[in-house]
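Two complexes come next, and they have one chain in common, chain A, joined by chain B in the first and chain C in the second.
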Partner chain A sequence: MKATLARIRARAWNGQPPDGRLSVVAALIAIVMAMPVAYVVWRSAFAGVDRWARLLDTRVPGLLWSTVSLAVGVTAIAVALGVALAWLVHRTDLPGQRIWRWTLALPLAIPPYVGAIAYIVVLGPRGWVRDWLGAPPPVSIYSFAGALFVLAVFTYPYVFLVTGAALSRMGRAHEEAARSLGLGPLGVLRRITLPMLRSAIGAGAVLVILYVLSDFGAVATLRYTTFTSAIYYQMGGFDTLSATVLSVVLIALTLLVLGAETFGRRRARFHPSGAPRPADLVELGGWRWTALGFVVAVLTISVLLPVGVLVYWSVIGVAEGALDARFWGYALNTAQVAGGAALVSMVAALPVVYLRSRHASLASAALERLAYAGYALPGVIVALGLIFFGIRYLPWLYNTAGMISLAYVVRFLPQAMQSTGSSLALVSPRIDEAARVSGLSPLAVIARVITPLVRPGLLAGGALVFVSSIKELPATLLLRPAGFDTLAVRVWVEASESVYYLAAPAALVIVAFSVLPLKWLLDRY
Partner chain B sequence: MAEIVLDTVTKTYPGITSPAVDALSLEIKAGSVVTLLGPSGCGKTTTLRLIAGFERPDAGSISIGEATVAGPTAWVPPERRGVGMVFQEHALFPHLDVASNVGFNLPRAERAERVAETLELVDLAGYDRRMPHELSGGQQQRVALARALAARPLVVLLDEPFASLDADLRVHMRAEVRRILAEAGTTAVFVSHDQSDALAISDTIVVMRDGRIEQVGSPREIYQFPHTRFVAEFVGRTNLLAGRIGEDGDSVVTDIGVAPCRHTHDLPPGTPVTVSVRADSLELDAEGPLRGVVREATYTGRSIDAMVEIQLADGGTADVLVHAHPEQVITCGDEVRFRVLPEFVAVIGEGGPG
Partner chain C sequence: MSRSRLSIVLLLGIFLLASAALAGCTGRDSTPAEAPEVSTPESLVVYSSRNEKFVDPLLEKFTADTGIEVSVLHAGDAVVNKLKEEAGNVQADIVIANDIGALEYLRLEGLLASPGEVEGIESINAGYRASDDSWIALSARTRVLMYNKDLVSEEEIPSRIEDLTDPAYGGMFAITRGGNSGMIGHVSALRYEWGDERTEEWIAALKENAGAIMEGHGDIRRAVGAGEFAFGLVNNYYYHQQLAEPTGNNVGVVYPDQGPGEMGAVVNGAGVGMVAGGPNPEAARVFLEWVLLPENQREFSWASLEVPINPEIEAVPEARPISDYVVHAMPLRELGTVWEDTRTLIERAGLDLELK
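Right after this comes the complex of A and B.
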């Protein structure tokens, strides 16, 4: 019996079991990360057959339709925009390429709920368009079309960045080969370039789909009901068991997308050979200015106009005294909960990442996957799980700001893990062994040698978690103690009552902070 | 006295059927310099990592000094084994300067003194405040060695320490490392796939193949009297010939003629055997009894490697490799005469060359 256990343990760790304390710590972290989501699934078993049947009959089909149709529509638009822009910026003689490469990624710094608020200001029933034209736009912003428009405008950069990165790595060998075989420029694009980009486009599209499935702020602001907003309002009505049922369906939907992505990645894989020479640029000729107009139009809709709206209302807000003591109080609250989450993430990321890097095995891969649970799944579900779990097992933490920080850690720890992991990959395992023979225990090696060496990655990871936490909306709304407001919460509350001069300054602060990690993201691609 | 004892040690990596180290037993004497030599995949690095404690044996036991460090009931982690290690890419801590690398984890009381002493030993006095990236390859090597020696380990383990150095520096560092180890008086175990490193630096060479020991001996024994075909071919270049033990017991009779041989394993006359005749033991000599035609000649600077085709008694031909002094002029098609020196002729087993 004991021998069998030892053999299973050896198999799971690929023959290299790590230090016992280290694996216990990493396992605890991974379990905490996965616990909220697991708990939601577990609780859904208590919803009862009747409730399940009723929801599956009445609510679920409608929600599936509204959610999936929105995800498909947004993804289609985002792919079309992203691929076209990436090709124009990387493969043509479009003027100002270098500038567009990073400015076209900027919409990622604007949380879609902030973008939604900006477009309500412009296109809403009492918006600027009505002021200019005397009548609101024929299609209401509070509709499928509104959600489709706003989400597509703020998510196309996922496709743009991933496709652009693939285009710049692709080199020109294949395209030249096709030209030599008699294909014209359009034929090359259609038969060589686009097929080779398929996996990159797919990866970008999956990011967009996952975002749409998880988005709460934008759809709720635009009063369009998807799974996330339905779950949120179900909880507002204290029908938490129904919320768990809807959550389980949404989790299944998300896992389906993730599974399809893994499958697709396995099938299509193109290896770029070495460091290729950059491809020749396609000459746009007379289309140059049309293309430039298109790029400027996208940039205006996705960045200039929304930021302009925020600046406009912020100026009014500052004049009206919006930056009062209460505002700074919200800012301080935000910094506290986000800062706490960043600190905890930096500490918690290292053990998991270290095991994955130094003890590559089934067990460490499983721990890493568990730690991704809260990142892959929508924030409302994480919040729902933490409410259940907190009330029952962490009453001292429930209804405190600490609970919000914990939710941020569960949601964003993988960002710190990725950043720390890429730093750790640069440190040879021989360094660890050299420290061991110098007399350090495994834990001392991490504390005294690895931590100083991966400090840049740890700090970058902490910064990423901090910024993501500032933006976070659904978990903050659901978990905050009464009277505890953050900047994101204020944006939400003031905007829902159309008090834009109070919402805009806070939103602008969030956007300004969000620009920072974008630079890190751009350096990676 | 044996400093390190490996007793029927076996290590199999998960998912791989053949063991990386297969029931290996080895004793390493205190103060000696031993090289584990073999091609990649022979288990030499695994053996070193087993001694260091980075791998656990599946069976067998290992002791260092008085203590059993690995066995069915014993396990001592690497940090408590009293070993020092020099890694292939040096693995200096990039965030620490030379003094902090060498003094890493030494007791504070003796740190400064010991760092100064050790840096003196490796000829790097005054480099204390340099960072690793400011050092040349040879200097990094010295720091790595100093770090391994600073805690006065019972044993220093060196994993392909010369592999990352270029040719000139390599020859120089071999002599330096030899000197430093002799002054420190530590037992040292090297891992190498390079025969010239192994021959130059070791008291004892352990030739390994497929996780087992092929032959243990001094560099001279390994080179002059290889016991197996594998050792003969892996260490240096050689000619393998079929033959039988001569009537006097001090020679072998081969297709190319009778060669004097002092390493016959006392096999009775007439036994069919395989003979290794080193290229160095074939000496060009106008009076020599053997003759042949040069098919290929490669000038290497240190010697001329000539492939000579010899007419056999039965009418066939055989190609043998001959090392000639570089001052000689040899061109393809020349007819040459040579003789066999007895020192580098060894019987490596019974039966013909497979």
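Right after this comes the complex of A and C.
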């Protein structure tokens, strides 16, 4: 028996099991990360056959249609926009390329629920367009079309960035060969460039789909119901078990997308060939100005107009005294919960990442996967799991600010893991060995040798978690204790009452903070 | 690269400082004052499902008057569910609800407690209190039809709720989603009057005939005020609120079903309840006695432009006193026993509880 266990352990760790304490710490972290989601799935088992049958008959088909149709529609638009812009910026003589490269990524700094609010101000039934033209737009913003538009406008940069990165890394041998054989610029684009970009476009599309599946704020603001908003509102009824059933369906949907992505990545046929070198650009000729107009139009719709709306209402708000003691209280609450989450994430990321990097094996890969559970799955589900779990097993933490921070860590720890991991990859394992030889225990090696070396990655990871936490909405709404609102909560509350002059300053602070990590993101791609 | 690293370090420094500075505050927040046998309580936890603009000024006045610090959670309809989930680990002392049905439902679930002797409670008619005084209704709202005077005259809109399903009004008006507490209370009253079958048919027809189904009454009043719809089914204080708007305020009101032999307008209330097993029961009792003081009863109703339940308290000028029109006969506390059934019936009739 003991021998069998030892054999299993050896195989799981690929023949080099790590220090016991280290693996226990990493396993604990991974389990805490996966616990909320696992608990939701577990609770759904108690929903009873009747409830499952009723929901699968009545609720689920409609939600599947509304959610999937939105995800597909948004992805189609985001891919079209993102690829077109990436090609224009990286492969043509479009004027002002260097500026567009980063400005076109800026919509990522605007949380889609803030974007949705801005567009309600402009296009809503009592919006600016109605004031200017005397009639609101023919299509209501509170509709499928509205959600489609807003989500596409604020998610296309995922495709733009990933595709652009692939374009700038892609060797030009194939394209040049095709051109020398007489293919025109559009022919090269269609028959060579786009097929080679397929896996990059796919990766960007998956990011968009996953975002749409998980988005709560934008669809709820636009009164369009997908799984996430249905789950959230189910919490307003008396029937939490139904919320767990809907969550399980949404988890299945998300896993399906992730599975398809893994499958697609395995099938990718093209690899970067040749060293990147300065591109000889497609000359747009007379189309230059049309292309420039297109880029400026996208930028106007996705950045200038929404930020303009926020600034407009912020100016009114500040004049009305919106920046009062309450506002700063909300800001401090936000800094507190997001800061706490960032600190914990920095501490918790290292053991898991270290294990994965220095003891590559089935077991460490499994732990890493577990830690991704709360990141891949929608925040509403994480919050639901934490509520159930917290009330029963963590009464001392329940209804404190700490609970919100924990939700942020569960949701965003992988961001800290990724950035710490890329720093750790630059540190040679020989350094660890040298430290061990000189008598340090494995945990001491991490604390005293590795930590200082990966500090840039750790700090960047902490900053990413901080910014994601500032923006987070559904878990904050569901978990906040009495008398504890954050800026994101205030944006949500004030905007739902159409009190835009109070919503805008808080939203603008969130956007301003979100711009900071974009720089890091852009360096990475 | 070095510049971006610098900005990251700066950013981290800022929030480290902020978190450190706040560490002291959290300590205080997370441990409620546990001072047994001290006669002056220090804190009170309130869960409210009302609009926070109505509740916050009242609670601020309470703190100013008594020195008791209030932590309030504004969580809309989720309050009931939260109290249920927290039954084993009670967090709140007082619940303020928009709907008597919700309060009575909580009482029936064993989540409210009798406060014992409370000074001033006789000022509220016994029909507007729980049998054990665990909740007290303070303000009333009546289901009315608010219309846009630029678009229609009083004669052009229905005088009976039943007629909302008349195709002549197709697409002209807005209602709330089925899960709105005002809607639930209204449907409960209709069931009491008409029976389940007829009510269910009426809801199904209503859903088809309405021009829009909205999240809340605030959306309806703004939409009617702006002329998006000719009229809407709202609580009367939304009409009072719309009158106070700088624009879109040319609106009128119809109190429905006032004719001889008709059912009368449907009334619901808002009130306060004492949570069973809350952390600060003494402060909860202080709050109940405080809120029953005439000036605070007035504040409770006036903040939302509702009508005080207590006839001694003057009503907002634009409101018709509750004695002025025919009111439906069902006792308010009946709402609690049928609450869940009514939700099921509404959903079965095809009117979604939540917007899809």
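Note that the second predicted complex is superposed on the first by the 522 of 525 C-alpha atoms of A that agree within 3 Å, B and C clash if a C-alpha of one lies under 4 Å from a C-alpha of the other, contacts with A are read in each partner's own complex, and residues count from 1 in each chain.
By our rule, contacts are C-beta pairs under 8 Å (C-beta built on N, C-alpha and C of every residue); 3 or more make two chains touch, one makes a residue touch a chain.
It should be emphasised that the depicted structure is a prediction, and the values quoted were computed from it without experimental measurement.
Visitor: Let's test your reading of the overlay: on chain A, do chain B and chain C clash or fit side by side?
Guide: Overlaying the two complexes on chain A (C-alpha atoms) leaves chain C and chain B fitting together cleanly.
Visitor: Between chain B (first) and chain C (second), which does A:Gly48 come into contact with in this model arrangement: first, second, both, or neither?
Guide: Neither: A:Gly48 stays clear of chain B and chain C.
Visitor: With both structures superposed, pick whichever of chain B and chain C touches the larger number of chain A residues.
Guide: C
Visitor: When the two structures are overlaid on chain A, which partner does A:Pro61 contact: first (chain B), second (chain C), both, or neither?
Guide: neither
Visitor: Between the C-alpha centres of chain B and chain C, what angle is subtended at chain A's, in steps of 10°?
Guide: About 150 degrees between chain B and chain C, seen from chain A.
Visitor: Between chain B and chain C, whom does A:Ile431 touch in the aligned arrangement: first, second, both, or neither?
Guide: Only chain B; A:Ile431 stays clear of chain C.
Visitor: Just chain B (first), just chain C (second), both, or neither: which does A:Glu497 touch?
Guide: Touch partner of A:Glu497: chain C, not chain B.
Visitor: May I ask you to decide whether A:Gly402 touches chain B, chain C, both, or neither, giving the answer as first, second, both or neither?
Guide: second
Visitor: Per the contact definition in the header, classify A:Arg11: touching chain B only (first), chain C only (second), both, or neither.
Guide: first
Visitor: With the two structures placed on a shared chain A, what shortest C-alpha distance in Å links chain B and chain C?
Guide: 17 Å.
Visitor: Residue by residue on chain A, keep only those touching chain B in one complex and chain C in the other, then list them.
Guide: Looking at chain A, the two contact sets are disjoint.
Visitor: In the complex, go through chain A and note every residue touching chain B.
Guide: Against chain B, chain A makes touches at 10-11, 14-16, 428, 430-431, 433-442, 449, 452-453.
Visitor: Could you please specify the touching residues of chain A with respect to chain C in the complex?
Guide: For this pair, the touching residues of chain A are 62-63, 66, 125-126, 223, 225, 229-230, 233-238, 240, 332, 335-336, 338-340, 342-343, 387-388, 391-392, 395, 398-402, 456, 459-460, 462-463, 466, 478, 480-484, 493, 497-498, 516, 519-520, 523.
Visitor: Over in the complex, which chain C residues touch chain A? Could you list them?
Guide: 1, 4-5, 7-9, 11-12, 14-16, 18-19, 21-22, 25-26, 29-30, 45-47, 51-53, 70-74, 76-78, 80-81, 84-86, 88-89, 91-92, 179, 215, 218, 222-223, 226, 228, 340, 343, 353-356
Visitor: Using the touch rule from the top, collect the residues of chain B that touch chain A in their complex.
Guide: 13-15, 52-55, 77-81, 83-85, 87-89, 91-95, 104-105, 147-148, 151, 153, 157
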